[in-house]
């Protein structure tokens, strides 16, 4: 049975048996892939899956219209699976409220609960390789002179229009009151002037330190084409190197920022 | 609309010399929200405080900034003044223009500009200060005393006498500590055990004192008034409820050759043993390392002979949790190990002993029943050399400080020796004689003049044992300017007094600071000598610095007084600097719960009328929160904030430093 | 107002670094007090903002300082193991290690953000630290990357 | 083949020639080339530092400068006095760069003070570590040895490193490697009379006699040392000792390198065992 057929079968089964009241998956819309929220087993054959299904559906789990249907099932590739594990670790979803229709690299792992998903990730997807091109550019920027780097980012951030599409696309951005919405005090100026855009983009990247699963949703969503994954990838590399921290593999994971070890790096302190 | 008053202190000339206080006052007057600004010679003086109280009343101030010394100096003074004028004390802040400005800069223009900045920063902060009420937390009126030596016993007895409960924790099987091992005590030469044992018994029997021997502190949680101390009660293999201390067991125990800790290795003990005949509690314990039953699984003689069936080889460590309002540290000291001195035989010469060994030799209850006999062959030493400052005042190999008690006990040793070995020769090498104390110098003089101890001022350079058994002690007489060699039969080294090896571990558990030498640090060397920087934790005895018995006892009583003071009120007032969760915006990611050093944040269910859980959020327990604000930093949505240092306050303080024209509105300060 | 006068004054006489220091109340603030009581002289370019603990010092504070035109920011607290709140500084240390690397990668290099442990006993260290930082920022020049507007003010 | 700089100094050509011979033999066996510092001069021991401060530094400085110029990174100074002077100068110059410049001026030879100075114990221990022990064919089974360090091989902050000045043990491993037994005794760092050899021989006789006496009481059959000065005092003056009624009997005094040489089965004469004042050849008989 093909991956798609298996997904359809499991989705239908989950909805029929009531183990899921809603299935989050992909469908075709004018030849492009779009999310679908299935509540009726009959619609299961609308579900599709292929390489173009890149959107991280975990992001929908913060939406009331989805949450009211818990327990739900989500079609997820490894990065999205990690997002789901991360959300559970941060108590955003109860372990029993989500079933994962786990799609691996061209194989289907079946309908798994979150513990099983975490185990699958640890066993089969412990080191998901990032695109070579992305890593190459991270090195390239790291190798730049201070001035070059500054110029590069000043130019990049100047494109930001503060539309917050990155925020909406990210499963990790579940705060009802994002810091960017706060105005008393207004830590992050809303002006799309350098100081505002710097503050927002840096804060966004920092708030995902040790939480980002590198699914790429934010960069994909950015209408201005800001290379947000460069920041995410760099931070992810740092925290893995410094603290051996990899997000989304453990339901009991402690937050990176908010934990410590006496032997943490002290070299940068005077 | 805020009505802030600014009060700039000259501190005599201290501030006014470098800061143009008049200009600063004029500048401050122009700050938005400032309705009154004045400079005065001594703000902390009575008229100065008068001035503040009057201004608060006259100008209906909603906030006040005193630009003067460090808040550590006078914040309380000024807040009291504000309170007296009917203003909430937490609406007054200080700008530190002395320690942080006037005293560290010389350029008047730059210093003035900086002072004005510092004042503006505090004005912006004070505008957003809220009236706070001091938090009261209940006090658990039980004290934990760690260490069962004379200091711990004294502290425990005094607290108990004050009618409060005490848990007295001693690592070894018996109370008494080092003092129980001493022969006689300077400067009166009364028998140590005669004066100590009654205290030990009293402590053991006191209705308010719970005695925990063979016990060690495992961990400490909580804070002043509400500590939770976890104690490891080590397996003793003897049921204290059944044991009568009859002695059948240790008289029959086959493994007899264990060097006695109590007798400094000069005698042997059995595997089931009491520290000494005067041990309190007077019940044996089994030393698991040497017990044949526990090591090899065969023997069990003690169990067979015990008439009460008190032996229990299955006994195991247990963890006991104790709730306490205060903790007294009385962990005492140990002696520096002179084997580090190669020139003194590197600890390999049997007849070169330390002070405790000599105490045991001189003690009527000691291995020699009070006769001075040298360890190697039990012969009576005709010449004994006493070497002071062994390890003390020696930065390179030993410790840099003076151990304080050695001059006195060495004089005592020389005296006891003279009394016990008639015609014996006592030679004392010393650097200086430090015998400050009531009757102390007279005591040393007596040792020299009446008991004929030969005092030689100079260091000993080499001690070695010749094949014929004689010990050659070589040194210099710096007064005569001559090298001296003494042929001795025994040498007593006055080893330096050092903190307990495991004291630092305990300090870290409690967050108590310790100095470079490992002694616990007092909160203030002169004015708070028995308190530590950690509220509710007090010091007694040699764990803080080398001390003799009278000093240890008086510090112990002082610590007890502090504890009783703390316990005198049922509740304890605390600074209301605690954090609060905004339940509407909290996303419940639990980062704060994970980060809080005091476990003060917990889950909180928001219920609907029917009691159904609508949402779960974080919630701060004010009693536990100590106000560090770590939770605020880990909260991405800023749904948790810290009173006294709110996000808005800090934001405005930073904004106040923006180099822009006056009146330029800063974002968010709406 | 005096402030702007001194700034324009500096505009004439050349660049004077504007440095904001976020310090903890128990160690570094007290260390700065000690520098004062010991009358140690140091550069007048730093403005201290006191917080209870480095644990309370959020990266947002630093970003705000930069948005407000600070040329450099110093964050300083108790040495590891000495935190008055037992572990606030450990939390801070990890936070800063990540944030520092992020900033550096995003073009705000180490000459703008400094971290240090200064105990209540290290008045001399505090004075030396401020002097050396001021010197380094002098060399680095004004910081107008995040907020050109403010620098022009 | 490994190599190391070599500074024999005056003693190794005369009174301490056994040290020179035995070290050269052992080095050959261990395949280490000894590169003598070309045009070396006196280290200034015992006279220079009581004559003039600058002179006392300048003499060893010149040697160090020559070695550096010769491209050496390490110099072995077997004589304890030479070692102490060279290493002492090295340490002093490290602490005091001005002095370094001054010396460059005085001697007209610039020097980065980059050469390390190695003493005889460090060198022999290194050979053993690098496998010399494996080549020992004739260990001296069960011979009781008192290890004698004297002052120059035990003292001097940062000069003698990695050993306890008051309770040195640097020779023990080597002595055991030679099959012997190290006896505990009291005078391992006692003064032998050292530089009073010529000025006050009677004092030297007294001090050295005390050392021999204590070794004997401790049951030692021989004393092993690393210092030519100590060696000559202990070895040469035994007759004077009995003459002065200080002690009777004779005790062989060996250099550590001689002991190791014997253990390695090198011919006694080749390491100069026959050149002692007090019979040492008898010791050779014990190795088999």
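Every chain is named by a letter (A, B, C and D) in the order it is written, and numbering of its residues begins at 1.
Note that in this section a residue touches a chain if its C-beta (ideal position, glycine included) is under 8 Å from a C-beta of that chain, and two chains touch if they have at least 3 such contacts.
None of the values given here were measured: they were computed from a predicted structure.
Colleague: Per the definition of touch at the top, where is the C-beta contact count highest among chain pairs?
Modeller: B-C
Colleague: From the mean C-alpha coordinate of subunit A to that of subunit B, what's the distance rounded to whole Å?
Modeller: 50
Colleague: Approximately how many whole Å separate the CA-defined centres of subunit C and subunit D?
Modeller: Roughly 58 Å, centre to centre.
Colleague: Provide the C-alpha centroid distance between subunit B and subunit D, rounded to the nearest whole angstrom.
Modeller: 52
Colleague: Per the centroid of Cα atoms for each chain, what is the distance between subunit A and subunit C, given in Å?
Modeller: 34
Colleague: Going through subunit B residue by residue, note those that touch at least 2 other chains and give them in order.
Modeller: In subunit B, the residues touching two or more other chains are 595, 634, 651.
Colleague: Check each residue of subunit C and list the ones that touch at least two other chains.
Modeller: 59, 64, 81, 87, 91, 95, 150
Colleague: Just spell out which pairs of chains touch, all of them.
Modeller: Touching chain pairs, listed by label, come out as A-B, A-C, B-C, B-D.
Colleague: Which part of subunit B faces subunit C closely enough to touch in the complex?
Modeller: Per the touch definition, subunit B meets subunit C at residues 23, 27, 30, 70, 72, 96, 98-101, 103-107, 109-114, 116-118, 120-121, 508, 511, 513, 533, 577, 595, 597-598, 626-630, 632-634, 642, 644-645, 650-651, 653-655, 657-662, 664.
Colleague: What does subunit D use to touch subunit B in their complex?
Modeller: Of all residues in subunit D, those touching subunit B are 164-168, 184, 186-187, 214, 217-218.
Colleague: Looking at the complex, which residues from subunit C come into contact with subunit A?
Modeller: Where subunit C meets subunit A, its residues are 59-60, 63-64, 66-67, 80-81, 87, 90-91, 93-103, 105-109, 114-117, 129, 145-150.
Colleague: Looking at the complex, which residues from subunit C come into contact with subunit B?
Modeller: Against subunit B, the touching part of subunit C is residues 1-4, 6-7, 9, 18, 20, 30, 32-33, 35-37, 39-42, 44, 47-49, 51-53, 55-59, 61, 64-65, 68-70, 81-88, 91-92, 95, 127, 150, 153.
Colleague: Report the residues of subunit B in contact with subunit A in the complex, numbered from low to high.
Modeller: Those residues of subunit B that touch subunit A are 584-585, 587-592, 594-595, 616, 634, 636-639, 647-648, 651-652, 667-670.
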